[in-house]
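Below are two complexes that have chain A in common, paired first with chain B and then with chain C.
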Partner chain A sequence: MNRRVLPYLLSLPALIVCIGIIVPFVIAIYYSMQRYNLALPYLRGFIWFGNYQSLFTSSEFWKTVTVSLLYTVFTVGIELFLGLGTALLLRRPTTFNNIAAILLLLPLMTAPAIASLMWKLMTNPGFGILSYLISLVGITNFKWASSPTTALFTVILVDIWVYTPFIMVLLIAGLRALPRQPFEAAELDGVPRTFVFFRITLPMLMPYIITAVLFRLIDSIQQFDIIYAMTQGGPGDSTLVFQVAAYLEFFQYTNVGRSAAILMVLWVITYVLSLVFVKNWRRLRERAHGAV
Partner chain B sequence: MDHTSPLETIFRRVALGVILVFFLFPIFWIVLMSFQTNEQILRIPPRVFFSPTLSNYKALISGELITTVGSLKLTFMHNLWNSFFLSTTSVLVALVLGVPAAYAFARFKFRLGEDIAFTLLSIRFAPPLLILLPLSLLFNEIGLSDTYIGLIWVYQLICLPLIVWIVRGYFEDISPDIEHAYRIDGHSWAQTFFRIAVPLARPGIAAAGLLSFIFAWNNFVFALILGSADKQPVTVGALAFVTAAGISYGQIAAAIVLSILPTLALALYAQRYLVEGLSLGAVKG
Partner chain C sequence: MYEKERRLIEAFVGGRMSRRELFAGLGKLGVGAVAARYLLNDAVTSAMAADFDWMKHKGTHLKLLLNKHPYADAMIADIEAFKKLTGMDISYDIFPEDVYFDKVTAALSSKSSQYDCLMTGAYQTWQYGPAGWLVDLNEYINSDNTSSGWDKKDILPNLLASDSWSGKPGDALGGEGAKQWCLPWAFEQYCISYNKRIFDSLKLTPPQHMEDLIEAAVKITKSDNNAYGIGVRGSRSWATIHPGFLSGYVSYGASDFVMKDGHLKAAMNSPEAKKFTELWVKMIQEAGPKNWATYTWYQVGNDLGAGASGMIYDADILGFFQNNGDTKEKGNIGFHDFIANPEAKAPKSNVWIWSLAMSNFSKQKDAAWYFLQWATSKEHDLFGAIKGDMVDPARQSVWDNDDFKSRMGKNKGYLEQFEKTSPGAKIYFTPQPLFFNVTTDWAAALQRMVAKQVPVDEGLDQLADSINKQMEQAGL
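And then the complex of A and B:
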């Protein structure tokens, strides 16, 4: 077979899938510039950036932006802190540490939507174990996901439960792949441990941290499953993040144009993040594969 | 690191203990709940020791939920079957499409190759609803909405990037010399691919397959938007089940256990591949 045709032939199916994705994407761009409500088909028309204009001048949209950013910053921040801490605790490959690391992966393997249901059962005001436990320390009126003041906290908690292991497992792999010599040299010279951590461990681990954090930033700002299963964006708009807002705009208000515009704004954010990711990712991959 | 003070050792153990409890207790507690009757669940204070019952699982498996107001038909087992069917077929399709492509990206340097590979990677990062919402209207028009074929097609969004990127890494790590030697012996390209390259990359292919099965199983939003109750997997079905079951909390817990059990078991089995899979091959475990 012709060597020049072969690679194209082999990647043709993947190419077709790519096209299958690009088509709806282009349609989404087109929708985002239309006045398009499924309930009012006769009003449909092209309005350029009208949807975006109305988004950027609406306080509800800015509330969605705020909630999404709060959600992202808190989940990724806390997950990085906890994940790095756990990775440092489990750094040495002892049998106990390895078993602990594997068990800690289980939340990550739980479907996020199901994880929300688990936490719903545990935070039930009637019999939920968490409601019971905090009542022991005197907090009796904590309403978890059913109060607008604590709903965001509750979904963030579920996200932390599910995704901290992701950062943990990447950083354990990173820590164990670090060269030994700098640490041995530092030990011989009697360099203080905090100095070793901030001047050797952390800088060398940085590419891994960046990879893990970018993965999480991109996924977290798009979170849908956990929030939809727990609160559907409510109560009120207290947990209404980008994708949930777009979902409700589409299915509840049948406003296709506005929904597409919300998603396009989200796409621009994730696209910028993924460009940074690909750059960093290439470097890491070269390091991982180049060592062979 | 070897001369840690006793105080630090204690601190490390306590910290690790707290972390293990936080991450494992929810699973443990839901499993306990699934073996309790509603009366046992509603008891205050909650108890760790109780006489376990299998009635919740029996109700789910027989598809008949007995409540105080009467009996209710359950489709939960059908949802479980849907999850199994959708995940398995999606992974098989993705392997058939993805492994040759991964081989092409690893072995041949061609311009379009990198473009396709990175388009696949960017799919992994795009907001799923951006694709799904237009697709739901499109599917309505071409008659693919609420079909297994439509869903399996969309599941490629998860499975294909994962398989292409992981398997590509494995192919790149195998020296092409063996393949060259085999080719010189007069074997065709296809023979080389199937008899030499694929067997050598088998661990990578297995890892990618297992991982994409887990992610396909855990997916929620695809079938929420593109499937009706009849085609929905267990993630979406469980949500509907919670509404239907009302206050039958034991059954809800049992449904949760049944829906997470397969992925947790697979993850324990495939754990040494997880790091590479989760980072799309960027970090080696």
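And then the complex of A and C:
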């Protein structure tokens, strides 16, 4: 084969994948700059940043931004805390720990929409087991996903139940892969456990933590299935996150332009967050390697 | 076939004998029930084929997009009759309602020719029609491609009109220049379906108007019946607005929009609207389900069937399914017409009409029209109403049928509420393409009011402002 052609042929699959990703993305940008409602075809036209302007001047949109960020911060934060705690408990590869780790992975194997339906039943104020359990400690008439004041808390709870094992399993793998020498040296020197945790374990584990958080962050800010299955964004707008808002705009309101604009804003936020995390991940990895 | 059996079946097909009389007669001649049904279907098919070339598109394959619903089940049960009548083959994809309309939007917006016909509601056609996704069926109804037996005048006029619209926001349904986007198949209207056992135990009578309803519902909630008073839908969706809520709302003289200077203006904050909404919110707060904000058709129905609610203000057919299905309260459900406003003289009910439409991207539209006229025919509507659960049918002839009346008469008050409610039953929404934006926002506003996040008065003012802004942005 011609040596000049071969490199192009070898890079062709990557090129095709790139085109497959970039073309829909460019189309979405193009749509986001149009007044494009499928039910109003005669009004279709290019309006440049009109959809974005309309979003940024709408209080409902800023509510969506706030709810999405709150959801992301709380889910990722709590999942990290619980996932790290569980991983530390299960770090030693004993038979019990291995079985426990597998059992704790079960929620992650449940489809989020199914998990939502299960939680919907468990939190039913009439007959739900969780409603019953909290009534035993004197909390009655707690409305879970049915009240605007508690709905966000409820969907966050479901997310935590489903995704904490994801962080746990990554961090167990990270903990078990850490070199043993620094810990043995610290033990010989009689270094206090808290010092070992904060000055040795945590810095060395940080690249793993950042990786887990990055994955969860990207996933969490784009959450759809749990929230849509539980509340459809309600009550009121209390759980209306980006993806649900964009989905409703397209599938129910047939407003392609506005839906695309919402998704573009989401993309920018996700991109910026990812960039920050990836930069930190590189820095921390270098530091962790240096520490070794 | 023997002469006597043939004569009996001909008498039935000709409308001179009821189905019950026919089966009794065939029984006397020693024909079993299964054989009788076979003979009957055969005779009906032959009668339909007598004056019209149903075989014109023989060999064509049609594909349908269906929602999982008793009406679709009834059609599927009779689909062999269509195949035999036309020589066409037919297949279908069926989806649960939660995702059905998303599937329709995806299929039609991509201009896919995969489906020839689909189930829809009138509200959806306010998007699909102007978008150019559906065929105006007027061109078929008035053509030679329509069997003389397909009697347009037999379809309940309010329903036929509700399924047609000019596409101009604010124009009346069924008005001048209206396009027939779909054909009514069967529908639902809204009444009180109540648990007779609970009502008897508390010596209650079915409520007559809103204040009466709230009083009865509160009594049920406070009683030791382990049930709350009134079930209504509450999820953040258009489906929360269109049943009982809108029926009561229009009874109070309120409307969703008014026309001002040639533009539609939101009227959810009119004095009438505020008065009714105050009562509605109070009703849910004092006697509704605790997790009302997540309630859809399914929860409302299931609670009634399980004895968890004392009554519902929702679709009459929802009560029917609970009264005749495998439920705890089977046989305990009664029905009553409802005039929300004590000053009104007759009930007003919004309607939901399951209808059939033809995709504009179908490559075999003539054949698809054959399916549509069969599926909306008197014969199939009667089959669905008697053999299936296709209640409430869209044809007057079925409502006049003795067998159907006898079947429905076993449900206390069902026929009476139907007769009183149906004259005022139609779509009361103003047709406009932002229907789903408006009604979803409306439902979200109700959720905030019920949760006491915002007073009714203020919530409705905010809602009207927000909707006016959206209408303006959409150029309406």
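Definition applied: the second predicted complex is superposed on the first by the 252 of 292 C-alpha atoms of A that agree within 3 Å, B and C clash if a C-alpha of one lies under 4 Å from a C-alpha of the other, contacts with A are read in each partner's own complex, and residues count from 1 in each chain.
Convention: a contact is a pair of C-beta atoms (placed from the backbone, for glycine too) under 8 Å apart; a residue touches a chain by one contact, two chains touch by 3 or more.
Given the structure is predicted, the values throughout are model-derived calculations rather than measurements.
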{"item": "Touched partner set for A:Asp237, first chain B, second chain C, both or neither", "value": "second"}
{"item": "First (chain B), second (chain C), both or neither touched by A:Pro148", "value": "second"}
{"item": "Which superposed partner A:Thr254 touches (first chain B, second chain C, both, neither)", "value": "second"}
{"item": "Chain B versus chain C as contact partner of A:Tyr52, first or second or both or neither", "value": "neither"}
{"item": "Most chain A residues touched (candidates chain B, chain C)", "value": "B"}
{"item": "Chain B versus chain C as contact partner of A:Gly126, first or second or both or neither", "value": "both"}
{"item": "Contacts of A:Ala39 with chain B and chain C, given as first, second, both or neither", "value": "second"}
{"item": "Which superposed partner A:Ile114 touches (first chain B, second chain C, both, neither)", "value": "first"}
{"item": "Common ground on chain A, meaning residues reached by chain C in one complex and by chain B in the other", "value": "120, 124, 126, 250"}
{"item": "Chain C residues within the chain A interface of the complex", "value": "101-102, 105-106, 109, 126-128, 130-132, 235-238, 289-294, 308, 433-434, 436-437, 440, 443-445, 447-448, 450-451, 453, 466, 473-476"}
{"item": "Contacting residues of chain A [partner chain C, same complex]", "value": "35, 37-41, 43, 54, 60, 120, 124-126, 141, 143-149, 151, 230-237, 248, 250-255"}
{"item": "Interface residues, chain B side, partner chain A - complex", "value": "1, 12, 15-16, 19-20, 22-24, 26-27, 29-30, 33, 41-46, 96-98, 100-101, 103-105, 107-108, 110, 112-113, 116, 118-123, 125-135, 137-138, 153, 156-157, 160, 164, 169, 172-173, 188-189, 214, 217-221, 224, 235-236, 238-239, 242, 249, 252-253, 256, 259-260, 263-264, 266-268, 271, 274-275, 278-285"}
{"item": "Complex contact set, residues of chain A against chain B", "value": "1, 3, 6-8, 10-11, 13-15, 17-18, 20-25, 27-28, 31, 82, 85-86, 89-90, 92, 100, 102-115, 117-122, 124, 126-127, 129, 132, 161, 164-166, 169-170, 173-174, 177, 183, 187, 208, 211-212, 215, 218, 222, 224-225, 228-229, 242-243, 246-247, 250, 256, 259-260, 263-264, 266-267, 270-271, 273-274, 277-278, 281, 284-285, 288-289, 292"}
